[in-house]
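What follows is a set of structures for review.
Each of the next two complexes has chain A plus one other chain: chain B in the first, chain C in the second.
And now, the complex of A and B:
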């Protein structure tokens, strides 16, 4: 497919998000609500790195799932999946376009959480903390997009999406939290090399698998 | 070369087989109306022809392209107007047309197309606030935008006023003798008036009506 056609798909998906503003606004509110709740539960995170890692990663996991779920549910409910299937481009390109837009929003929400963690809990605002979150956002957005597209046409999609997403994301979350714990302990990036490599490899494998799965997931009954 | 050629086509949902293996040809330049009872699978047949749904078995050739084996190559040769006129609520008719033209890689003046389909007043309104008839007009404009070798229309006259119906008839007339059109209709008298050939779909297949 030509670059121009893929740009057209990206334009459509980005335009919908910018015009609707629902995903971005709902995502920011969701992330901040987690932090407000955490403020009540944990007045300080000093000396509690495992709790701090959970504070950073939990909103990201929820936001990635909610964003992708909402986007694909809207396609299914409004019947626009039919429009996509009739479009003169390979089905794969619809999945990739939607994922790119979800990725940008998920990264933005990861940034919101990262900044909120620094402002509210005095967590270190460093590259060592940001990098695992960014790599995690990439992988989570791929998994969430695939799981959401698979669940979108099911009656019980709200249950199905987390059931599919969380087990698939377990290795990514384990590596991400390990890298975050290393960063919170004040260690340099080189000390977290193994979990960071696992995160990067996971992202690449997830992207490769998604290239195969998108046409199958988007094909009509 | 036919615009559409189906042979031994079957479709199964779970254990339910929609039809006996069916054959259907739409010649280039021919307009064919497809009649049939509610639920018999007219929309499904059109979606299969548009490669939006995969047949369980059988051959499907669109404008010379094997659409079962190469759906990505067949898709640009087909325009489909789905029954419910699905549109993106956040985008306007003008944006839909511009987007669709870019996907087809064709240069189109969206304003002129919108005037042609009677949508000049609604051009820049979000699709969420359009009436059912206006949405139907946008869906028709999208399906016919690249003047595809095969146009598939699912109840194209539904929800249209007299002016809209006249526009659909003008669209069909403009394609007659040049490009193939297959449309699902309920009204047999209308079908006989606007189509070159009328066929009926039932559980035993497609038959002349």
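And now, the complex of A and C:
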């Protein structure tokens, strides 16, 4: 992979997101909508750590999927997937460039959720709560980008995307929620070492596998 | 797979199922311990599900491993026969997984649910039951993906990619549930298993018979489904040739 060509691709994908501002705006609104709905149901989350963990993780999962799906769907609708394949750039660079942009957006959404949780539900705004969300956002951005590229080549991709993403993200969610529960109980980071290691390991494995799968996923017939 | 070998394997696996299932039922009812005299056993009769639930779950894990290996083989060789075999394995694996889920649900409702609790919620909040649910969702997603993709080559390629991704997610989910959570579900094997729950003696022997019977059932149904899919493909080719003929 040539660094210059990868940087050019990354710049192209980043500029497209910044120019449209659709992804960030839609993602922030989507995350906040979840919180408004949660406010209808739970005036307080004091003494309900499991509900609090769900409040933190559910918007992140759905927003990561929806935004990754939107980017690939736009390529498929405009027919520019074929143009991408024809460009003299390795297919892996296209996948990685899209993932890096998704990663930044997903991390930003995790931050919005983290701050909203603190402001609306008085959840602790601590490193112990933030770290699992950040590690989860990394893994979710990888898996959501792959699932979105899969769904973009199928019919009814909007329905298909969450069906593909949720089983793949299950280990991340299990470990992330376990680490969040530990943080909400006021325990130090060392007490959540096992789930944090699982999160980091799954992120690395997903990234490694994605390096192999991107070229296959984006190749033409 | 050679046609002669495949036909032989179909016959042998069918014979194993026809002999093995009555033997498994006999062992379950007449040789397995009578748990009704043990005060700590809540539902002694339902406990007999032990000889059907783990074997069907293990068979579904093997089915997913077959899907993974055949997916890799397809991506290497781009031979649609590997994809057809992977699809057949996924369909039968989904069925095995559904059996594991149904039997596990029945068992969990009887053994774990307490008065005043929602029985289904108790069962499905169990981390180890959730692993089987994750596998069920993965099989469902794999089969749905195939339905939503047009063109055999594209369908095979995308299904193989998802098969590889799912194969990483399912063991990761299994390990996560073992390493991170306490559970009502007994760990009878694998990492983190509980020595008190480990099976031995007659129970272990019957469990092994159950596993072999469900393995034979998986192999037989897989090969039968593979045969049907091959015939469907051949029929489609013949129909296309007939349409092209003026």
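As a working rule, the second predicted complex is superposed on the first by the 221 of 221 C-alpha atoms of A that agree within 3 Å, B and C clash if a C-alpha of one lies under 4 Å from a C-alpha of the other, contacts with A are read in each partner's own complex, and residues count from 1 in each chain.
One rule holds for everything that comes next: a residue touches a chain if its C-beta (ideal position, glycine included) is under 8 Å from a C-beta of that chain, and two chains touch if they have at least 3 such contacts.
Everything numeric in this text was worked out from a predicted model, so none of it was measured.
When the two complexes are overlaid on their common chain A, residue A:134 makes contact with neither chain B nor chain C.
In the superposition on chain A, no contact is made by A:54 with either chain B or chain C. By the touch criterion defined above, A:206 reaches chain C but does not reach chain B. When the shared chain is aligned, no partner comes close enough to touch A:100: not chain B, not chain C. In the superposed model, A:30 lies in contact with neither chain B nor chain C.
Contacts of A:219 after superposition: both chain B and chain C are touched. In the superposed pair of complexes, A:198 makes contact with chain C only, with no contact to chain B.
Legend: residue contacts after superposition of the two complexes on their common chain; A:146 is shown touching chain C, with no touch to chain B. Once both structures are placed on chain A, chain A residues 219, 221 are touched by chain B and, in the other complex, by chain C. Against chain A, the residues of chain B that register as touching in their complex are 13, 47, 50-54, 72, 75-76, 78-80, 82, 84, 86-91, 95, 99-100, 102-105, 126, 142-143, 146. Taken together, the chain A residues at the contact with chain C in this complex read 143, 146, 150, 153-157, 160, 163-164, 166-171, 174-175, 178, 194-195, 198, 202, 205-206, 209, 213, 216-217, 219, 221.
Residues of chain C that touch chain A in their complex: 75, 127, 130, 134, 137-138, 140-141, 144-145, 148-151, 153-154, 157-158, 160-162, 164-166, 168-169, 172-173, 175-177, 179-181. Here chain A touches chain B in the complex through residues 2, 4-5, 7-9, 11-12, 15-16, 19-20, 78-83, 85-91, 219-221, going by the rule given at the top.
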